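Each of the next two complexes has subunit A plus one other chain: subunit B in the first, subunit C in the second.
After this line comes the complex of A and B, so read on.
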C-alpha cells in the first residue's frame, strides 16, 4: 500500500522553488480523469510533472473519501454532486439549478449560466480525481463508423484519426482503468463486416470477464431472443448486450496470453482495489451507488492512477486554480500559467489567496485537462478574454473561433413501464447498469441519431424516484385517506417495485457550432474567474433519435407483456418537441455527463482547435486533453476514449517532444 | 398508579403495526430509541403521549392483527383526533422506511405548533442505511450493505413466498417423520 503521506502531494512553496529552478518538463492543469492518467504515464516515461488541481485534496485521504460516502447517505437530494461539498473557489455545476428557460431570460442562480433555448443538463465535479469520482464507469469503445460520420452518413464531421489509429491506445486505457467485458458481445452491434474484423486485435481479451449480468438482464435477454426492430426500412436485432464496465470483476486468465499483454511483458491481471485499502473493492460488491461514489472503490477513479504515479517524478498541488495561460507574443508559445492558491477555510469568508506563475523548463509542454467545459472556459478567459457578445475571437488557441463551440452531450431519454403482475425483476441490485440494448451502428444514421438503451437495474429510480416515491405514494393515496399500512404496505411495495422496468437511452448528438460555452463580463465566481455561460439546443437529428428510441422501448414492453407508463410534459425541464405526421410530439431529456466537443480535433487550423496529437494549432507547446477533443460523440460514454487519447498524447510527448 | 405511555416499547409496538415489520425486526435496526426520541421531540410530549394512549386503547380492544389495523384506521386516522394523530403516524412510517423526517403538513403546524427542527431531512446516515424500504423490496440501501459480487445474477428472494415455503417444508418433514 502506498502511504499517502509520502505520495505525490506537494506544497505551494515546494512547487514555487522547483519552478524557479526550471525543474518541470510538463505542467498539467487538472487532476481529473485525463490528467491523472497523463501524469502517471509521463512520470513513467521519466518526465518531471506538475499537476495543478483546482479542487481540494479531500479524496486522497481515507477519512476524506469516507466523509464523502457519509455525506451522500445523509443528503436529502441524492444528486450526483451530493457527496461533494460546494467550494466557492472552485465551483461546480449542479442539477439542482437546472430550469426551463423562458425566451431571453438566462437561468443563472447556479454556477453555470444557461442561455437556452434548452438548459444544458450535465454536470461535473472539481476536486482531486475530478468527475471520475462520480462517473458511472461505463467503458465501451466507440465504433469505427463514429470516426467517419461525414464520409459514411453525410452527417457531422470526420475525425482526423481513424478507429484503427486509436485501437492500440484503447488497449492501454482498458488496462489502466480496468475494464470488465466480453469481446464477442462487443462485436454484436457492429454492422460492417470489415469493421467487425478489425475491432479487436486478434487474440485480444479484456482484462476481466464481463460483470455478471443481473437477473433482470438475463430475463430480458431471453424475452427478446430472435426479435428484431425496424429502422429506415432495415431490421436490427433487439438484443441485450453486456456493458463494458470499469469496475472490478473476475480477472480473465486468457488476458495474460493476449498479444497486447505479452508485448507489455505483463503477467496475469490483478484487479486494483481501493487506494486506501487495496483489500477492499477487489470485486464490485453491488452497492448500486457507482454514481455518485463507490464506497469500496471497486469502480475506477483517478485516485488509482494518482496513487500509482511515481512520487519521485509527479507533484500534485491542490487548491491551485489556473486562471490564465500566458502567451509570449513573439514566439506564440505558452510562457507560464497563472494560478491562485486559496486556503482551506475560505468557504464564506473573504479568504486568503496567493498568486503564482508556473513555468516548465525551456522546451517543456503545458497540458490543459480541466474538463471539456472548464478547459474551454480557461482558454476563452486567457490573454484578451473573449467576453464580447460579438462573434470575434479572443482568448488563447482560438484563431479558429472553435473554442467552446460544438458542445455535445448524450441527451438521456428515460422510458418506464410495468411488467406483468407477479414478475420479480430483482430491481435495485447490482451496478446501476450492466446491460444495454444497442442501436449504435447502421444505415439509419443518415436519417436520425444512433442510441443505446441502458437496462436500468434501479427500476424507476431515475424516472420516478423509486423506491421513495412508492412508499410516499402508498401512504398518501389519491383520495388522501386510507393509507396502505402494516404488512399490506410492506408486501405491496415489494410487488410494485419488482415490476418496474426502465430504460435510459443515450442519444447521439451532432456537432453544432452554435451550441457553445462562452464567458461574459457579468458572470464571475468568487476568485474573479469567469463562470461558464452555455447556449444549447437539441436539433432534429437527435429528436428523431428519441422518437426511434421511444418506439424501441414500446416494442420491448410489448414483447414482455408490459405496459408503458412514460410521461413527458411540456413543463418538464429538458422538454423538446417536433412533429410526427403533422402531430406535435414531445420528449424530455436529461444529461448524461458526457460533455464533449468544445476544443475539437481536426485536420486544419481553420476548423479545429487541436491536431491529432492534441496539440493546439496556435501554440506549439500547448496541448489539450479530454473529451473536448472529440469531433463527434457517437453513442459510447466518452471517458474510455478520452483515456485512450491521453495515452496517445503521452506517447507523442515522450517519443517526439520532451 | 396510572400507567405511563411514554415507553420505547409502546412506540415500537405501534411502529410494528404501522410498518408491517415485527418488533424484533425494528429493534434489530438499533434505532428504536433514537426514532422514539426524534418523534417525541418533534411533536412534543403531550401530543406524542396522546398518540400512545390511543395506541394503548386500540391494543387493549383488539384481539387480532386485523382488528388492530381496523383500530388504527378508525382511531388514529378517522376519529376526532384524526387531523392531529394521522400525520404523525404517517411520519413515523416514513421515518422507519426512509430514514427521513418530513416536515409536518402546513395545517398541522398552524394548529399545533412545531419544533424548530421540524424540517424535511435525513435524520442520520444510520437511519438511511437502516431504512425498512430496502428490506421490504428485497434490495439494499444505495452505498451501504453491499450484498457481494455477482449476488445480483440470481432471482431476487421472495420473503413473502418463502414463509409459505418454509412452513410447507416443515410440514413435509413432519409428514415424512410420521411415515418412517
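After this line comes the complex of A and C, so read on.
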C-alpha cells in the first residue's frame, strides 16, 4: 500500500522523458474524486497512467495536510475553501465572493464570473484530491426514477444508462470510498415496488453500519412516526432516514458474506483511516469539521485512492495546468495536451513557467476529469476557443453546442424554527448531518422538484449563525434591555440553542441549456487561461419544489409543537420568488456544491457531449468523467454517482479499449 | 486481590485469578501513558505522541484480549470495583511482593519527561526465555504470562474442550476495536487462547531480541514495521531513531529523534482529588474527571459481562477523560511549584 517515500509524484522532466518514449496508456486531467479512482483502477488493470493536476500537492504530505487543518481551525470564516491558500496559478472560487446580482452587472471580483440573473452559489477545490477535500461525505445512490425523468414524469431528459447499469459500479464505489449506511432505510423512500426490489443486489450490505443517529434524529423520528405529508393529491410518509456517509463507522460483519464481496474475494471490511497515519480515523470522532476537512481522515478523500494506487503504474504531476487539448485535424483524435508547469506555489511572477505537451502512446486514451466547471472550461478554450463569433460550437468536443450547458446544482433551502421551551434537542452534537426527511421519489415529480431535508445537528448554525448570534443577542439585546450575564447567560444560551430545529432542503433542478458555463475574452486568470463565466437561473419547477419543502417544514414543526422562524428577504443573496394563489412568495437558496450537467451523456450526438461509455461523440480517444456527465441531478449528492461512473469508465477502458 | 500471587496455577479457579490480575496489570499501565500523552500540547513532540498513542492503543487491545480469555473459560471479568484500579504511585498488581530495590514495575502518573520514559522502559523491558529460571512468583510480566500459558495447558489437559465453556456472546468481536495495529478476536479454544497470549506478550516486548519485529525499518509509519515498544521508548529517551543494523543491546544510532522536554504541560506527579480544597473549581473538575473514569470502568465491566456493544458508550468517556485531563493540566496548582493539576484516575462513584 502507501508509502510516500516511493510515491506516485513525478517531476516534469521524468514525465517528458516517458512521454518521449510513448509510455503512457492513459493521461488523466485532474487528481480529484474521479481522477484518483480512475488512476488507481487503471493502474490495477496494469495500465500506465499520468495524472496532470493543476493544483498543488501539499495534501499528499502529512505536514501539508495538517497545515490545512490548522489553517481551517484558525480561519474566521469557515467556508469550504478556507483551509486552502489562494493560488493565482490555479485559482478557485470562494463563497465569500457571491452577492445578489444587479441586472446587466457581472460580479467578477472572484475567480468565477457571475452574470446572473441568480448567483451561482457553489464552489469547488483545485488541489490534489480535488473537491473531496471539502465535501461533506454524503453518499446516497440516485434512485431509479432519476434516470428516467422524461419517460416517467415528462420532465428533463433520460440518462442513456439505467440505474441497473450503474448498480454494480455503485458497489465498487461504496467499497472504495467506504460508505456507512443501512440497506433497509435506503429503500424506504423508493416508491415503485419494482425499483425497490432491484435497488440492491440480493444479500447486499453496506461495508459499515450506519453512523449512529443523534438524539435529535431519534427524537424527530419518534415524533413523526405514522405521520404523512400530501403532495399533488398523494400521501407520503414523513420519516427520518439515516443519511449514507463516507465516514468511517462500525464495519458491518455481514458485508463479508455479501455476494459482491465474495465475488471480489475480499474478507472482512476494515475501515481505512488516515493515509499518513492509518491508525487515525478508523472511526468518525465527531469532530464536526466534515466540511471541509476531517482532521483524522475518517471521511473519505481522494488521497486514500491516490495512496493506494500502484506507484509503478501511476504518475502524478502537480502544478501542471492543462491549457489546450490538441486535436489532429485529419483523424479528429486528441494528439496531445498542452500544459504549463508553474514552479512557485504562491507567486505568479512571469518566467516561472515551463510549457510541455503530454501524449499517450498510440491507441491510448485521454480522460478529462477536472470537475464540471473546469472540464467544460477546458473544452471551451481548446482548439478555436468558444468565444466571440465562435461561441456556438467552438472549442473541443462541442459539435452539439452542449459543452458548458445544463449547469445544475441543488439549491439549498434552509428553514428554521423553535421547539417548545424545555426541549433539549442535543444541538451541536455529532456530524453536521446524520439523517434526513426524504421526498425523493413519487408521482409529484411531474409537477415540482423532489427534495430531501437534512435534519441539521447544528441548530440554526447555517440559518442564523448560531450559537454565536445567540451569545450576541443575550449580551447586547438592544432596546434598552439589560444584557444577560454570568451563569444566567450560560444557562439561557444552552436553553435557547437546544430548542433550535433547522432543515436544509436539497432541491432538484432540471437541465436548462441556458444555465451554463462560458468563456469570454476579457476574463482571464494570471496564467492567461480563461475564467469560468456563469449564467444561472432558477426555474419554476425548483421554486415549486421549495414551496413544497417549506410546507413540509411547516408540517413537521406543527407535529412537534414548534414555531416557524424562517424569514426570506428580497435583499438576500439567492432570493427567488413566484406567485402562489396570485400572491408573490419568495425563497432564499444557497449552493450545495453539487455542480453537474455541463458535458452531459446522452444517446444522441446532437444534444449531448459524451455517450454512455463517457466517450466524447466528437473525438474517439477523449473521455470525460465526473459530475458534468449527469443528464439530470435527482436529489442525491453527486459524488458517489461520479465515483461509480469513474469505475464504469475504467472498466470499459480496460476491457474494450486499451 | 491477594498481595502475592502463587507460584503455580493449580486449578481453573487459579487461572481465572491470574487472568483477573492480568486485566489489572494491562489496565494499570494506561493512566501513566495517558498522563504523558495528554501533557503534550497539540502539534508538539509529534513523533513521541505518536509512539505513546500507539502503545496506549495496544494496551487497550490487551485488555480486550484478556477479557476474552477470562470469558472463554467461564470467568467473570471485574473492572467496576474500587479495588480494580491501583493507587498511583504503586507497583503493578501482582508484583507488589518484590522488594523495593528490585521493583521493576513501580508506576506513577507523570508528565512527558525523561523520568516517565524510564518508567515506560522498565514496563516494556524485553525478557527472554529463561528455562532454568527460578520457580518463585513471577518477577517479570513475561514470566507472569508464561505461568498463565502453562496454566492453560494444565487445565486443558484436565478438562479438554470443556475448559472453554464460556458463552460466545460474552466475547468482544473485531468491530469494537480500532485505531491500533492488532485485531481483537474471539477466544474459543486452545489455539485462540495461545494466540491471544502471544499477541499480548509479543507486542509489548521484543520477542526475539531484535529491535524491529520484521526485517527492515524502512517502512515505519506505514503501519507494519515498527520497533517493539521498548525500543520506541528508547528512541524518545535517547533522542535518536534506531536504524537497520542496530543491535538490541546498543543505543540507537539513526537520525535525531526530535524531542522537546520543555514543550509540555507541567503536571505535578500523582495528583489526587483530595489535594484540592473541597468546593474549589479545580476540585470540582478533579472529581468530574475521576467520575468519568469510573463511569468508563463501569462501561468496560458491562461490556465484558454480556453487553459488548456497551464499549461504544465507553468510547465517549475516553474522549471525555481526554478533554478533562487536558483542562486540568492547564490549571496552575495553588502553590509556588509552578506545576499544574492533572487527572488522578481515582475510583469515584457518587452515591
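Throughout what follows, the second predicted complex is superposed on the first by the 646 of 658 C-alpha atoms of A that agree within 3 Å, B and C clash if a C-alpha of one lies under 4 Å from a C-alpha of the other, contacts with A are read in each partner's own complex, and residues count from 1 in each chain.
Just so we're on the same page, a residue touches a chain if its C-beta (ideal position, glycine included) is under 8 Å from a C-beta of that chain, and two chains touch if they have at least 3 such contacts.
Just so you know, these numbers come straight off a predicted model, no measurement behind them.
Chemist: Now for A:493: first (subunit B), second (subunit C), both, or neither, which partner does it touch?
Modeler: first
Chemist: After the superposition on A, what does A:253 contact: first (subunit B), second (subunit C), both or neither?
Modeler: The second partner, subunit C, only.
Chemist: Quick one: classify A:271 as touching subunit B (first), subunit C (second), both or neither.
Modeler: Only subunit C is touched by A:271; subunit B is not.
Chemist: Applying the document's definition of touching, compare subunit B and subunit C: which contacts more of subunit A?
Modeler: B
Chemist: After superposition on the shared chain, which partner residues are touched by A:565: those of subunit B (first), subunit C (second), both, or neither?
Modeler: neither
Chemist: For A:44, select first, second, both or neither according to whether it touches subunit B, subunit C, the two together, or no partner.
Modeler: In the superposition, A:44 touches no partner, neither subunit B nor subunit C.
Chemist: Is A:218 touching the first partner subunit B, the second partner subunit C, both, or neither of them?
Modeler: first
Chemist: After superposition on the shared chain, which partner residues are touched by A:283: those of subunit B (first), subunit C (second), both, or neither?
Modeler: A:283 sits against subunit B and subunit C alike.
Chemist: Just checking: does A:468 make contact with subunit B only, subunit C only, both, or neither of them? Give me first, second, both or neither.
Modeler: In the superposition, A:468 touches subunit B alone.
Chemist: Residues of subunit A that sit at the subunit B interface in one complex and at the subunit C interface in the other, please.
Modeler: Overlap of subunit B and subunit C footprints on subunit A: residues 70, 212, 283, 285.
Chemist: Tell me, which parts of subunit B touch subunit A in their complex?
Modeler: 17-21, 65, 69, 72-73, 77, 90, 93-94, 97-98, 100, 120-122, 124-125, 128-129, 132-134, 136-144, 146-156, 158-160
Chemist: Going by the contact rule set out above, which residues of subunit A touch subunit B in the complex?
Modeler: 69-70, 72-76, 78, 212-215, 218, 249, 283-289, 293, 295-296, 424-431, 434, 457, 467-468, 470-472, 475-476, 481-483, 485-491, 493-494, 497-498
Chemist: Under the touch definition given earlier, write down the residues of subunit A that touch subunit C in their complex.
Modeler: 1-3, 5, 66, 70, 212, 250-253, 268, 271, 273, 276-280, 282-283, 285
Chemist: Quick one: which bits of subunit C touch subunit A in the complex? Just the residue numbers, please.
Modeler: On the subunit C side, the touching residues are 43, 50, 53-54, 57, 173-176, 178-181, 218-219, 221-223, 312, 315, 319.
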